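A, B and C label the chains in the order they appear, each numbered from 1.
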């Protein structure tokens, strides 16, 4: 099973590939339509602004391709950080921009009335949104690495798998059918991250 | 493009060596410390101080007990220390040797020789498998297969001193020249754990970092936990360096102990250098030395040449010639021994060595591998000046 | 709940790791960077910062091969700094896996660059290194550009620009292992919205306890303590945890795996 790590100029691809390699998964870093179509799994990483992310995806002709592969053909998908935020209907970084629209919701800036620090940087423990989710229970309570100033607010709660507490509950991970995405960086979260990647990706192997 | 490295004007130490400093004239701190031996030292006074100190601990012939403890390896320095304290000073030392990784025949013979000088020796035979796990992890994690040995040679003698209630511990040459003095300045001084962590060559790795390696537990690693500062204080341990009180001349000392049973290597120099009287006890020392070379660009031959230069036995030019001839060669013998000991393949071992090889110092091929000559030696990207 | 971070800071001189005292130029060579990276990775540290402290002075770029080799050892976030002064530099570092880029001289010479970088890569990738030197009771921004810059004025101006985090180092306490500059930390934390990493002076676990008890800091940097004493990041975390601060404590060491090299 080859995982296509989407290369769209938004950094972070090397670390993801390294983490996957360590778990024994083969992957290619690509934005070539044929290679993406041939792959068995699509991973969208990314750090950076929402607008820059969408501009790059459009420029590379990836928006329609990915939407086709993931939403129509139901290819398994894993999004990380910006790769989760871009799934939203709209983003706001630096101003309102249309996202991929695969999951209804908006990405908004973190804002606190006290002196809580922004960005949200560091290790924080995730909580299972739905206690009956047996599949992902083992990861509830573990610390993962977050680094973001914007967060995804979905329209409905049904797709929220994990939340994280940073003054307010923030969406840490979402799942909708074949789509799984995390706000945190599993590839940078040592053993906890590796086990999560293995569990989720492994379930589609 | 050649990398430019600064070398000491007097010896051959490069600026890449850890814990070395250069003064404005380009002389390194090791040379300056060695120089201070020749000038401005009242050796008479120091000798007096020394005997004042040891007389506080010396036991009479009618008493039961050891009055000092000497960590030994069976090497020339520690053999000399043992000889000096027993025969010259008339003390009753207990020698403690932490078994090296793979003892050579010569090493065994020289260690036996210490007991033949009329001294009790505790030869600590370590838990083979626990130690081996640390050797392999030390090799991979910090590029030093001798890692647990550095820890053991400090820790075990001190533990024994604490347990046997032997307060005076005799070390040899003082690597950190600033320590020493009359009784008043050293009476509360013992080499604490901090000293060992900073100067003991442990490369940032600590014993607690080895817990879990191959299932090792804290209990398995019992002898490697250094006594706490409080335990040292309660035991009243005092450490002194012979090198502070007496002019240290390794060659003269070697001549002396050769007359008392110490044997040197008869069939050529030790791997990685040009001399035959050092590092005789450990079969795989060549690997440790080579790892230092790939990390910093200088090996054991450089160390020895520098000592000889500082003791006025070689000129810098002569030293340079020897270094160019012997330094940093791929240690085929030690690697063979390490393959046998560790069970790792040569490819695997070379892979780890490559990960520690500094790409700024050594030439690389276009495919990212390091360039080598037909004997397997690395090609330098710098020149010793 | 967000955990407080303990971040080992590795200073690089273009060749190997060094440790300074009060930022003096005769730094002490401490060792090979790969062994340090592997030791810290085995300890599951929260994060690592790797800075080439002479890159700007020597007018060169940080060696990407060395950086890549270090990042390859780490399964936790890594911040890289040293001579970064163009978008291309940032791109190159992020492309080989760096999570944050640490800037210093650019924030003095051309703070607009911060905005430019942030607009492409997001604020969170941009960390600035603020070195504070106390002279005769007043704080100045330490720099080797020969400028006298009162510190707090400078920080005030800086808040108008975009960045994600500050590494605040006390030059006076750097390498001295004599405790942190509490007053400095408190002042700066009050002035900015972003997370601040306090650095400089941590020599034993009690210093860190003191820092977290008397300031609102949530992250701390350290170097000398890990090179020259028996204390590991775990000892520091346990000490800070004992005063009630949330810490990520993992006692299981990671065994070095040298199998996975070039992909």
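Operating definition for what follows: a contact is a pair of C-beta atoms (placed from the backbone, for glycine too) under 8 Å apart; a residue touches a chain by one contact, two chains touch by 3 or more.
Every value quoted in this text rests on a predicted model; they were computed, and no experiment measured them.
Taken as a contact graph, the chains are arranged in an open line, each linked only to its neighbours along the path. Relative to the centroid of every protein C-alpha atom shown, the closest chain centre, again from C-alpha atoms, is found for C. Using the mean of the Cα atoms as each chain's centre, the chain most removed from subunit C is B.
Distance between subunit A and subunit C, defined via averaged C-alpha coordinates, is recorded as 27 Å. Centre-to-centre, using mean CA coordinates, subunit B is 34 Å away from subunit C. With centres taken as mean Cα positions, subunit B sits 52 Å from subunit A. Those residues of subunit C lying in contact with subunit B across their complex are 14-16, 26, 28-32, 34-36, 38-39, 42-43, 63, 65-66, 69, 226-230, 232, 234, 252-253, 255-256, 258, 261-262. Residues of subunit A that touch subunit C in their complex: 11-15, 17-19, 21-22, 47-49, 52, 82, 93-94, 115, 117-125, 143, 145, 147-149, 165-166, 185, 187-191, 193-194.
Within the complex formed with subunit A, the subunit C residues making contact are 1-5, 44, 46-47, 68, 71-72, 75-77, 91, 94-97, 99-100, 118-125, 164-165, 193-196, 216, 218-219, 248, 250, 254, 257, 260, 263.
Partner subunit C is touched in their complex by these residues of subunit B: 15-22, 137, 140-144, 193-194, 197-198, 203-206, 208-214, 226, 295-296, 348, 351-352, 355-356, 358-360, 368.
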